[in-house]
Amino acid sequence: MNTYPALLIVAPLLAALFTGIFVWIEERLCYPIAVLGMLISSFSAYKILMAVLSAGVIHYRHAGWAPPMGIEYRIDTLNAMVLLLITLIALINLVASYKTILVETPDRSGSFITIYLLFVVGLLGVTATGDLFNLYVLLEITSLTSYAQIGLGDKDRGPLASLNYVFIGVIGASFYLLGVGYLYIKTGSLNMMDVATIISTMHDSNTVLVAFILCMIGVWIKMALFPLHVWLPNAYSYAPTAVARVVAPLMTKVMVYVMVRLMITVFGFDYIFSTLDLSAAVVWLATIAILAGGLMALAQKDLKKMLAYIIVSEIGYMVGGAWLGNTTGMTGTILHILNDAVMTFALFLAVGNMIYVCGHVGFDNLKGLFGRMPWTMGGFVLAAFSIIGVPPTCGFFSKWYLVLGAFEAGAYHFAAALIISSLICAILFFRIFEIGFFPEPSDGDDHAHAHHEPAVMVEAPVSMLVPLGLVSLSLIIVGLYSGTIVNTIILPMLQ
Amino acid sequence: MHWPIDMIVLTFVIFCAIAAITVRDLLATAILFGAYSFMMCLLWAVMGAVDVAFTEASVGAGVSTVFFVAAVFRTSRRTKD
Amino acid sequence: MEQIISIKPLLAVLVSLCVIPILVSASKQPNVREGWTFCAGTIKFILVLSMLPAVLQGKQIVFSLFEIAPGAALAFRVDGIGMLFALVASFLYIITSMYSIGYMRGLDEHGQTRFVSFFALAISATIGAAFSSNLLTLYVFYEILSLATYPLVTHHQDAKSRVSGRRYLSFILGTSIGLVLPAMLYCYHVTGTLEFSTAGIFAGQLSKPAATVLLLMFVFGFAKAGIMPFHSWLPAAMVAPTPVSALLHAVAVVKVGVFSIVRVITGIFGVELLASFNLGIVIASIAAVTILVGSCIALSQDELKRRLAFSTISQLSYIVFGVALLTPKGLLGGIVHIGMHAFGKITLFFCAGAIYVATGKKYISQMDGLGKKMPITYTALFIGALGVIGLPPSGGFFSKWYLILGTLETGHQILMLVLLLSSFLNAFYFLPIVYKGFFGTPPDTQEGEPVKMEEASFCCVVPLVITAIISIVLFFWPDVFVDLIKVGLGI
Amino acid sequence: MSETLALIIGKYNYWLYIILMMIGLYAMIVKNNLIKKLVGMNIFQTAIILFYVSIGYKTHATIPIIKDSGHGDGHGGGHAVIHAADYINPLPHVLMLTAIVVSVATFGVAMALAVRVYQRYQTLEEDEIRMRLTEE
Amino acid sequence: MRLIGFIIVCICGGLLLYGTSEFPDWGDPASPASTHLSNDYIEKAFDQTQVPNLVTAVLADYRGFDTMFETAVVFCAGLACLLLLRDYSRKKERFYRHVPTGVILQVKHPEKKLPVGTEFEYMDKDWVPSDLIIKNVCRILIPFIQIYALYVVAHGDFSPGGGFQGGVIFGSSLILLAISYNLRTLVQRVKEKALGILCALGVLVYVGIGALCMPLGGNFLDYSALTRIIPWDPHHIRAYGMLGVEIGVGIAVMAVMVVIYINIASEGRHDEGL
């Protein structure tokens, strides 16, 4: 049992290194090694979740040193859930994107897989770690690999989008590092639990306040909260399919996780909501983020860009929920980390299939897509419903908790923004559905159905459809079991 | 009391930094940036961080500058600001 | 109240859902596909029917699936009112399936597999809504129904259906997300439960202004009930093929809207609470306005289906009106009208469709003298019209009778006048169709020429005959419905 | 007066690092040339490193390498007792070694991206790139 | 833009300055940072690890997990440069010099090649006559630099330095080769394939040593578990472990630095550079 937390990280890391070597010797071996590594990692994540559920928090001491001196993995139900989420999404995406990797990076697919695995390692490490500085290092791995992967995307715009992402990403990470420095100068420690116990006695210190603000700004930049979001749409929409599919659902969500972790574990609710009283301002910011993200999405003419702005809006949900200052809102945020990851993943899987078949996903290229790619569109529709918040897909249930939390906190503007955002998403997606459902507008309306030929099906390959099907079905399953998830995973951790 | 030394070097560091971002030739920027890194390395050595200083000397003043020059060689020296 | 735990409600919901993959896989063999549709419909009806005796004995059948939050689970509970609705919907589904075979094949429509699949999904959602034990479950199925009917409404995939589909969704989805969802969440926030109970869930936790706002949000939010001003999706949705209009826009969809309002009034607020706040009269007035305005607009419509649509709008408000009276008789009349109106109106829609299939005519002004060509259809049309107007010998009379008794119980005589006036209007816009059909002269035929029978196909005619007959039967034996309602309301 | 001097001596290092960092940040925001932005980025990062190293500094202490460690005997037991006050805090140094490596790695990747951008647009000036993008 | 930038900078600076007001004085031995953990490290590290250079001890042992990822970051950077820049297409034109006469030939057809040997030699497009002094000085210097690099790696336990610095120095010696001669010389001496494998291999050495500890009964990177397979001198086992990972770091960093340089300097074509 006790090796699983290490195995979780080491398996994909070793897989990455072996693929890094085999790229030069026998490139065909790379893909199986990568899948194997991710399988082991997923299995470990599953084992960890089970262990945490039965036996409580797991501690793993790297290099065998006790926490404040060494680096410790401290895995509670929240980490365990996010870890399982990351490994599963990464694994499924690896399977689903095999063909797109071959198409989009033909002469360097092996190295691409290596860097993909390192990206996953970074995400896993960020999630599992209990050390503030270790988090920074892994954050940088994640960022660096995502810069590289995004730069590999669109030949014309990819590098520029990626370079802009580098600038903003570095500022974000540096702000976080500075925040850790400010904490360190006051506490002399880097372990989260240790720091938490020390700063619990210095709530009136302005250094801790500045540290908190710096950490939050850093994390917000990385997660693209509204005024700091400018890098995201370009970066996500010019990335290669395989990357967009995993970066979009995971990167921002993991950063939300980091925010939640800092808020819950390091600074503590008491400090944030009793001593500081910044809640109202941030919830307003989140409200604006939700609406602005939605409105900007309305202005887009490209499906990928539109989804990117929807992500900006969804981040507003999670930040707002976390800052409402009550358990219900925080529950909503954590549940939404899970749900949003799954539904964004499903959306991008579907979009990836469309790109694989149609080339690009400008709105004008989607006409009659329901006829041509019924299965892909089926998955897309389910995911879209989830984003809109149609029950019984999972998006509805996290929204449920978020709105309830808003009512509890008296933040009616936030609740209103959530509802309006649902409506905006409905408009956004039904616009797509309309384009996809109705063939070219014809002149003779009365006889329109006379010349409907059955559309020729040009579906994506099975290896891309099955993952999409699985993920979109899991949207409903996760939705139906959200009560169980809340009761067994989220609430025990918040108390 | 090394604070006077420290302060003098720091002042140099800041000068180099300002110069590096204001000079209108990227090659000069590269060299000034190397000087900046070297000053920084000195500063850290003064503060007793020998390992960090060593690293900065080899990386910041060494390899980074080489990368920088190589990149300038492959792009352009021209800059408007 | 005795409760039986049984999986039957879930099965009844799932049957037509499970059959969808089979339908899709059988898309190349229409007869197999239709066979499965019938099969699923029949099993569903039998399942619903098998629960009837227990419900009539005053028991409730419950089944709980997933607990989303404390007090808000996905759960089913079969009581009298839900049973009534489920019976009507599942029975008419079988009839409509038969009718749609005749209609869709008669017109050689495209995408029939898609059509039957979404039809099955829609009926699943309807039954689910009927059996919901709390507001959350009701809302879930309400939303599924909204979305499942979109491809049905826009079935023709032309510019006109695009516009109508847009209007349909923006009204239905906009109101349910924008009004019902916040209202529901607020209820949950205040009370911590959403379970329907006859005493209501607010135990004095609600002030009158808050109650008023919430109630209005619910009544307008369930836009499927077609309360003005959120009614205009219904005429727009008439671009759909007639079976859709018939089952969904006379029975399932609109009745789910009304049913939801009934549930909210009787199960969430509770009759006593609303009576003590005197809010019934507010809703009743809104419904009264819709009744009258709807009828007046119906008078001016020339397209038969649009006239039926406006008639539906006005008739739906009868139900809301009856329930809003908050008296036993009013409640009884209102709820029984769900069933009575369903049979009457579906007959009318079937007739409209049959006329369109047989002659291609959509406008009333073109239908002079058609009754001689299609005597069966026109006879059914007449019976259906009687049912909607509320004249004996049709079931509609029965519900109108109770409604009028209900208004007398409240002591607001003016409300009774509304009902009477509306009945006259109903008669005005229906009877001329029948009259002109039988006694008018077709514009393009010579006097004295022998008239040929031109009925629609067998599959089209049989269903409308059946529904017409049942409409009459219900006049003589309304006992099952009445008993169910009495059990459901605990009167 | 001496208090002010003490304050300045006590804090100037932190102030100067802030100045340095703001120079970097300013360059990143305002400069038009991508390479200049990169330089700003690097100045920004080194300023943070300076900050950490400053945290680690301790007066009257020497570099964190144990003198007189007696590795002649091979068991490490024969050395004098180590006083924490004699040595500078090694932890920030460790952290900053990592940070330097991260910054050079980022710098390398950013340079590679800059070369790619130049290949595509034949310029590194942001406004010119933007002009080309709108032309297309 | 300038104004906005200035305002943002002022706000950030103000925020940071506000935070400094409670800082302990610079160099204050009683500050929390110098007392809480650092005392533990200073007093125990040597006893526990037998490594006098505390920075190395903390770097490679207590926080060895960080350092592993630091190495992985370097590996990422190398791989990223390779992925982003490597260009496998051949260049259109090539230049050759006829050695005896000094005549320069331009070959425009990508397929046609001249035999390179004593008579012809490749030539860079931006050719400058290479200086004899520079070439010879570098030729003499490079081996010493490399020896020094190895010393820095190996002696990281006792003096400033370690795998990272040593690797960078070794890498820069190779870069010096490329600069003083030309890129092609470097590429011919050190094959791209070898560099690519070394990048990953270096990190693999690190991770491998860490992972090796797990089946031996320790936690990940817990070098004390290695006593099972390295029977001699259990007292110094942690120092050996650290040396092992430092060597891994050195290999990886060396290879990555060269890879980055080659790819940037030649725009990924590996033909001609600075």
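In this document, chain identifiers A, B, C, D and E correspond to the written order of the chains, with residue numbering beginning at 1 in each.
In the analysis below, a residue touches a chain if its C-beta (ideal position, glycine included) is under 8 Å from a C-beta of that chain, and two chains touch if they have at least 3 such contacts.
Keep in mind it's a predicted model, so treat the numbers as computed, not measured.
Colleague: Note down the smallest number of touching-chain steps it takes to go from subunit C to subunit E.
Modeller: The distance in steps between these two chains is 2.
Colleague: What chains, if any, are shared contacts of subunit B and subunit C?
Modeller: Chains that touch both subunit B and subunit C, as defined above, do not exist here.
Colleague: Relative to subunit B, which chain has the most distant C-alpha mean position?
Modeller: Of all the other chains, the one whose centre lies farthest from subunit B is C.
Colleague: Taking each chain's centre as the mean of its CA atoms, which one is farthest from the centre of subunit D?
Modeller: Farthest by centroid: C.
Colleague: Based on mean C-alpha positions, which chain is nearest the centroid of every protein C-alpha shown?
Modeller: A
Colleague: Just curious, how far off is subunit E from subunit B if you go by their C-alpha centres, in Å?
Modeller: 19
Colleague: With chain centres taken as the means of their Cα atoms, state the distance from subunit A to subunit C in Å.
Modeller: Roughly 43 Å, centre to centre.
Colleague: Centroid from C-alpha atoms only, then distance subunit A to subunit D, rounded to Å. What do you get?
Modeller: Going by mean C-alpha positions, subunit A sits 30 Å from subunit D.
Colleague: Approximately how many whole Å separate the CA-defined centres of subunit B and subunit D?
Modeller: 11
Colleague: Counting only residues that touch at least two other chains, what does the list for subunit C look like?
Modeller: Nothing qualifies.
Colleague: Residue numbers in subunit A touching 2 or more other chains?
Modeller: Touching at least two other chains: 133, 137, 140, 144, 147-148, 151, 159, 178, 184-185, 190.
Colleague: Of all the residues in subunit E, which ones touch at least 2 other chains?
Modeller: 16, 20, 23, 26, 31, 33-35, 37-38, 41, 53, 55, 59, 63, 66, 70, 73, 76-77, 80, 84, 160, 164, 260, 264, 267
Colleague: Quick one: which chain pairs are touching?
Modeller: According to the stated criterion, the contacting chain pairs are A-C, A-D, A-E, B-D, B-E, D-E.
Colleague: Help me check something: in the complex, which residues belonging to subunit D touch subunit A?
Modeller: Listed in rising order, the residues are 25, 28, 34, 37, 41, 44-45, 48, 51-52, 55, 91-92, 95, 98-99, 102, 105-106, 109-110, 112-114, 116-117, 120-121, 129.
Colleague: Within the complex, which stretch of subunit A touches subunit E?
Modeller: 2-3, 6-7, 10, 13-14, 17-18, 20-21, 23-25, 60-65, 68-71, 105, 107-108, 111-112, 114-115, 118, 121, 125, 131, 133-134, 137-138, 140-141, 144-145, 147-148, 151-152, 159, 178, 182, 184-190, 198, 205-207, 209-211, 213-214
Colleague: If you look only at subunit B, which of its residues touch subunit D in the complex?
Modeller: Residues 3, 6-7, 10, 13-14, 17-18, 20-21, 26, 29, 33, 36-37, 40, 43-44, 47-52, 55-56, 59-60, 63-64, 67-68, 70-72, 74-76, 79-81 of subunit B touch subunit D in their complex.
Colleague: Per the contact definition, I'd like the list of subunit D residues that touch subunit B in the complex.
Modeller: 9, 12-13, 16, 19-20, 23-24, 27, 31-33, 35-36, 39-40, 42-43, 46, 49-50, 53-54, 56-58, 61-65, 88, 92-93, 96-97, 100-101, 104, 107-108, 111, 114-115, 118, 123-125
Colleague: Inside the complex, what are the residues of subunit E that reach subunit A?
Modeller: Residues of subunit E touching subunit A: 15-16, 18-24, 31-38, 40-41, 61-66, 69-70, 72-73, 75-77, 79-80, 82-84, 86, 88, 193, 196-197, 199-201, 203-204, 207-208, 210-211, 214, 218-224.
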